[in-house]
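Structure first, commentary second.
By written order: A, B, C, D, E, F, G and H. Residues from 1 in each chain.
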Amino acid sequence: MNSDIRKILESVRAGSVSVDEALLEIKKDPFLDLGYAKVDLHRKIRQGAAEVIYGSGKTPEQITGIVGALRDAGQNTVLITRLSSEAARQVALVHPLDYRPEARAGIIGSIPVPDGIGTIVVATGGTSDIPVAEEAAVTAEVHGNEVLRLYDVGVAGLHRLLNHMDDIMKASVIIAVAGMEGALASVIGGFSDCPVIAVPTSVGYGASFQGLASLLSMLNSCASGVAVVNIDNGFGAGIIAGRINHMAVKQ
Amino acid sequence: MNSDIRKILESVRAGSVSVDEALLEIKKDPFLDLGYAKVDLHRKIRQGAAEVIYGSGKTPEQITGIVGALRDAGQNTVLITRLSSEAARQVALVHPLDYRPEARAGIIGSIPVPDGIGTIVVATGGTSDIPVAEEAAVTAEVHGNEVLRLYDVGVAGLHRLLNHMDDIMKASVIIAVAGMEGALASVIGGFSDCPVIAVPTSVGYGASFQGLASLLSMLNSCASGVAVVNIDNGFGAGIIAGRINHMAVKQ
Amino acid sequence: MNSDIRKILESVRAGSVSVDEALLEIKKDPFLDLGYAKVDLHRKIRQGAAEVIYGSGKTPEQITGIVGALRDAGQNTVLITRLSSEAARQVALVHPLDYRPEARAGIIGSIPVPDGIGTIVVATGGTSDIPVAEEAAVTAEVHGNEVLRLYDVGVAGLHRLLNHMDDIMKASVIIAVAGMEGALASVIGGFSDCPVIAVPTSVGYGASFQGLASLLSMLNSCASGVAVVNIDNGFGAGIIAGRINHMAVKQ
Amino acid sequence: MNSDIRKILESVRAGSVSVDEALLEIKKDPFLDLGYAKVDLHRKIRQGAAEVIYGSGKTPEQITGIVGALRDAGQNTVLITRLSSEAARQVALVHPLDYRPEARAGIIGSIPVPDGIGTIVVATGGTSDIPVAEEAAVTAEVHGNEVLRLYDVGVAGLHRLLNHMDDIMKASVIIAVAGMEGALASVIGGFSDCPVIAVPTSVGYGASFQGLASLLSMLNSCASGVAVVNIDNGFGAGIIAGRINHMAVKQ
Amino acid sequence: MNSDIRKILESVRAGSVSVDEALLEIKKDPFLDLGYAKVDLHRKIRQGAAEVIYGSGKTPEQITGIVGALRDAGQNTVLITRLSSEAARQVALVHPLDYRPEARAGIIGSIPVPDGIGTIVVATGGTSDIPVAEEAAVTAEVHGNEVLRLYDVGVAGLHRLLNHMDDIMKASVIIAVAGMEGALASVIGGFSDCPVIAVPTSVGYGASFQGLASLLSMLNSCASGVAVVNIDNGFGAGIIAGRINHMAVKQ
Amino acid sequence: MNSDIRKILESVRAGSVSVDEALLEIKKDPFLDLGYAKVDLHRKIRQGAAEVIYGSGKTPEQITGIVGALRDAGQNTVLITRLSSEAARQVALVHPLDYRPEARAGIIGSIPVPDGIGTIVVATGGTSDIPVAEEAAVTAEVHGNEVLRLYDVGVAGLHRLLNHMDDIMKASVIIAVAGMEGALASVIGGFSDCPVIAVPTSVGYGASFQGLASLLSMLNSCASGVAVVNIDNGFGAGIIAGRINHMAVKQ
Amino acid sequence: MNSDIRKILESVRAGSVSVDEALLEIKKDPFLDLGYAKVDLHRKIRQGAAEVIYGSGKTPEQITGIVGALRDAGQNTVLITRLSSEAARQVALVHPLDYRPEARAGIIGSIPVPDGIGTIVVATGGTSDIPVAEEAAVTAEVHGNEVLRLYDVGVAGLHRLLNHMDDIMKASVIIAVAGMEGALASVIGGFSDCPVIAVPTSVGYGASFQGLASLLSMLNSCASGVAVVNIDNGFGAGIIAGRINHMAVKQ
Amino acid sequence: MNSDIRKILESVRAGSVSVDEALLEIKKDPFLDLGYAKVDLHRKIRQGAAEVIYGSGKTPEQITGIVGALRDAGQNTVLITRLSSEAARQVALVHPLDYRPEARAGIIGSIPVPDGIGTIVVATGGTSDIPVAEEAAVTAEVHGNEVLRLYDVGVAGLHRLLNHMDDIMKASVIIAVAGMEGALASVIGGFSDCPVIAVPTSVGYGASFQGLASLLSMLNSCASGVAVVNIDNGFGAGIIAGRINHMAVKQ
């Protein structure tokens, strides 16, 4: 596999292959087959993101094995999401692990120095939304973003949000995390002129229908500049916010 | 029928029936059978409301007939909701009609002088919500309430709402009418300490699902003090707001 | 924080700030940041309600901490909803707690003497609806309302409801709590001329879909004067009923 | 085809086939293929019902053709449901037609003398439910049942229903037709000890979702003895009510 | 309470009250308040059914208490549905209990001799539907019906059903119990000319959505003569089938 | 474009490219850009199917243009689905068109001689399902399949289906088309040992929810060997049935 | 039972019954009643499939009993699906069992030598879809099919799928197993010209709604040649794919 | 109003108000009340966007009036979305209008020279998605973005998309517009490392449920870096994509 990439790069150096062609070639490239998973060793090249392991439904042994393969391939930082504290304890026996219980996430390797355009603000409507928000925040930090957390600023006490107007207005991207009626996204979207990534959460009961109410609410936001990810998908919000925050740098 | 009521009242005067019993008796009482509808001539006594005719699905002739029966029975004011302009034109040939096209409502007789506790504020998120709001406002006015309209104050431009904080705070009841994500109810509910009646509207498209998004949003409001009526049910909101606004007077 | 309010009040006394402006200023005011929650010390002023702690998802330590902060700030009565008996036992070690197992609610401090307009009737369709009804009843009592409980008066045995016609008719507000088909709200709404707050419950099975059937039923009530809160939201019903019952007093 | 049946019957007379076997054989029997429809000439034997033509989506010519085939086969009475007034006019040119515009139904031939156990009561919540109720009533009448109509007796004015308690209690079967929240079925089911067939209608708006609200409400009825047919399915209700009402006679 | 009834009956004997009036009076009558439940001692008179206790959500002590009150009031047979085996064991310590584990039902007192018109056939699509079917069968038996069980005759092996054509054709009422796609009701409805009560069950997975698929399927049955009860509602099916089967006897 | 393919084929002849590689190359190949559509000239090679034009939403001019381009590229037969009779009339002015009004489909060019394994049976529950069934039948015929139509054999009159047992049993593939409760797929699936493609239709009303009831029913079929396509998707059923029927030939 | 079949076959030999009639007769034939299940001993004849026991909800004793009856009747291979490892351990005490934990399936008897047309490819989007895919694969293998597994080739890393283009193109049938957005079926359907059986899985969270998202996605596939089975229904996919793969052989 | 802003700006110049405070002040600022709408004259400052008029539900006169007010206030470019061709014709009589029929959008004033970071690619699955895509494209162009259109590149013919890999890879933001199963977003998201805004469309039929299928599909995308806007919301996608594309410039 490595030899494949070396060949491509040598062709580039030799001028027989253009840089663009090489990049395309590499993107079509290989992965390591561990039996229980096809580990994508080049995703950072292809998608601008460190490898992330979705921990839910994987045994600690499987996680440990994937981490080992990635580290062997030179990956500096590995993020493990949806990692239970029990699994974390077992993974930590093999790899040095920075476990964040609120985010249910584990980090192996160092968190990079922020190099994005600005600050990503992660705001939540209530305290129960914090686990999803933390997953978003940690994901963004692992991908080189500075993150500012504004928790429990829901619209039922709008003065809490108004107190942080400066932060809202200075943000380069805002991740609005809310369950129940999800109005936070609309209110933030109305105040701000930066892209807003809305994350509905399954917080609520009764007619919240496990996050459906806030999902629909956010999709129908009367404020423009709002896009939505799946219910409880803090990880997805962190990824796209991170990409947005690195746009100028990329070019 | 009238003789029935006379008997009851004579029994009250004679002391053989208490006032409460009489009231109860009257409440169990009669209605006029027009063939196509059982007209409830005593609803005002029973429910504290003037008779209202739901115009949708009734012919102008039927509406005219019911109005006539009600007027004969001494009803001063009759409200006809969901009345098309075509039907209104025909009804107006028979009964003097005050037609409100935006509310799709017609009023026969005089609007009573307001005698409620305070002012009912009717607020909308956008201009498209106005027909529903007007139905609520006219319904409330016909039942003796002072109404203040605050239209197009949705949360996407929160400063428009903040400009009217005084009105919000002085209201005795607030009717919050909004489609799309329906966040208006939560934001108003967070500012205000009076009862808020939320009316989801079918305004919106796509995942608004004809008002489902705002309905669920309002039911899951993180602000307390909010209760919800059916989608586009301006009439229902006007009725309950009017009852709330007349509580002290009733006792 | 207190100094902020003092400044405002001194300005009022000095005449440089009007009462209304001061009230508005206070409403925009502060909250105590405990790290795990932003405690709103002025909610009573802003929304006319004592602070309520939503116990679900909070540790006993967190609850105890919030209670302490509120008591320090002079709050007489604190209501904790969705409080499990286990958590209650632990909270009771620190603060004297009046625990109501049926309502899954705990009260710290004294229940105020009722000072509302009249009596709030809390009615249920069946015995399984009682926990939700008790949450509503206790919430209303904690906020200064007299409450009359009419349990197990569902429409399948209408004579049980008819037996309590007097209570229904004397109520200032009625909270109708029902699962299954939720017809109680419509029947009560047909009899009564006071505002009816309907609470669908998740009681039922099969096509009740965790309360969806009664929610839709109540939203479509053919009786006017009915507004609906979220499924199982006894707390919300108690709050808005309490506000309605205090309207005349407020003015 | 007739010859097939003759053979079966001759076998019965000859004793080589039992009556039960013959009936079974006949039930497996033939139908007339008109090209556009397989007309079931023996359905009366197989299901105890006259042939019914579902008029919706059939041309007047097709309806006329099917009626002709049925009449030729000796069918006395033919019911055509969902028959528009336009189509009725054209059918009436060929066959003498008793058209009932409210039921959107046409009858060819005579309505049989009632020979059921008792009276089928058809009750509706409102006037808008009458078309569905009439379809049920006419269907039942065509199948030999006496029908009593109680229209506009919805639970919002329960006294209208209480006025007809005698009728409710004497019914052999009750068909409860209601849209909106469909509470009529539960209230009638609570009063009555006869089988109740509930018909949800699509009457309503907003969160009635074209009859879903009343459908779910009726399925979750807290009264026992209630079973439900499809939304707006007056025909189905008339059929099963008629079968119930003919039970004793059949044996 | 008893004295109330005695008075009524004496009035009847004295001629001052007609039998019908008396019956109506009794139907509006009393119930025993045990604190945790209003026990309806006259339901048999009012609805033609023995008292049934819905065991789910009640403690063994509560069940035992209600049974005692009913037995004291002269009730011969008491059916307890949704009764877990653990609760049954405890109830059996106080009252002699005939527990049917498959039906999750307990019977106290004797099962009456069948006195209905004919036989109620209870058919299931598969073996997993048997608990719901047994609840229906036991309910019917306790109310004086002869029951014939045809289990595991689903349409995927139609010959199993065809083998029982005689039973299907002789039934006075058929209860068709099926999960998954619920086609059993339509096929039986096509063969039979007696009323069919369809019971969707929550048996299935994936897009069965806990019984929604079979519920919708049964409501849309192309066979006429089918009415539907709630998902898994074997009890409801048993009740209405029993009433149908007792029609002629009642008159 | 043609030159591209010629090059590939020449390489194959020269041995520098294997047949499989060539086929793969061709499959990645070109399409004709008409501005309003990218016409796929090689789909027959890639997917074994003649080009099909989805007529809905295209103007007669656009359809005519696409047909022209396809015919120029050597396509013998073109199928146009969802073609209104108005559009058909206009297309027929330019290209000789065999229009099938029931299927709402037009055929240009000759229908190929059937060359599949056996016969595809297309069965419908009722007459209203025929348009969808015809779309399936015509699609299959255009792709070289022999088709046998069994219409109006729904389960409510199972004898109609039993009459055609031989056809069912000899089929190589069966397409079961049904609306309402969609039980036809299960019953046919229980009788047959060939693959069954089920097509739910939007035929029905009320709780059929535009075909949802039959869709869910078919997905939950208790008979194995059944797979389902989209509601009203006769075309999709015809395509996959045709592919199945050509399997052995392909190898 | 056997004697029944013998009689039929003797009649065939004697010429009094044709082969087709005999086959039909056998198909209508018997099953063994074990009390808890009607075991279908002739399903292999009727549907071309070995008997399969759906293990979920059956006790190990019941499973063991059914296996015994089937083996006694001469069945070579028995497949038990949805078999927990605990139940497997107990069944293995009585019958030699080949248990596949990933598929949650047990096999008794030998897996037949593949005799289908070609290879069935089973592809999954992710690793979490493997249990469903394995159920499909084992089911197909037990029914005489060669199976090629392509796991973890979801569209988020399309190069993984492109790497296996040869396998995709050589397949006789493809089973596409995917949760989340289920796009795998469309992409494979676009590449391939063989029948594609799509299996949505309940893998995902939030707005996947337990597989609804992938189910709807697959039903709406823009690629033709795709049909869908129930969510997580690997067994159903294996059955129909196996039948398709045996088509030519059957004729 | 203008004087208000002048005051603020003078305070800034005087140093008594910081730039940030001034910006905040302006954002809380005024709007012009036309009676039928509150026109927000400072939205460009507040949200970085030109004013957009949602044309649906407004009369040509209202649109013309709003445009006039905006132009008077100095707005260079006004975008009118959801503008019918009829309304466009009337607006064009008053203001010079550049009408784009496919996008159903009108532009008044000049389209600014692109000044974003890079190119926004707008891709569609099919030709029917083009109106939504055009709304997105025109919205982005009006807000100063360069747009590249890639239409009809759906996954059923993946080679069409692969042909444009270079464009996909060079994009700064991609808007993926697709109905039916919406797989386009996942496939593009898998190839690309830039933010992807997914727009589900209501294109499709049957179980697409007016765009629900593609909405759920996109929300559950297995590719990271994808966020979703409302069904058919091309405008919303254009706005957020434009904001992302202007990030670096803004700082």
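What we mean here is this: a residue touches a chain if its C-beta (ideal position, glycine included) is under 8 Å from a C-beta of that chain, and two chains touch if they have at least 3 such contacts.
Keep in mind that this is a model prediction, so the values were computed, not measured.
Looking across D-E, B-D or G-H, the interface that copies E-F in more than half of its residue contact pairs is found at G-H. Each of A-H and D-F has its own count of C-beta contacts, and the greater count is at A-H. Averaged Cα coordinates give chain B a centre that lies 25 Å from the centre of chain C. Centroids built from CA atoms put chain F at 43 Å from chain A. Work out the mean CA point of chain A and of chain C, and you get 39 Å between them. In chain F, the positions touching at least two other chains are 27, 157, 191, 206-208, 212, 215, 219-220, 224, 230-231. Across the interface of their complex, chain E is touched by residues 27-29, 31, 36-38, 40, 43, 57-58, 200, 202, 210-212, 215, 230-233 of chain G. Only residues 20, 23-24, 27, 46-49, 52, 117-118, 165-166, 169, 172, 191-197, 215, 219-220, 224-231, 235-237, 239-240, 243-245, 247-248, 251 of chain E touch chain D when the two sit together in their complex.
The touching residues of chain D, when paired with chain C in their complex, are 125-126, 154-158, 180-183, 186-187, 189-191, 204, 206-209, 212-214, 216-224. Against chain B, in their complex, chain D makes its touches with residues 127-128, 152-153, 157, 159-160, 162, 205-208.
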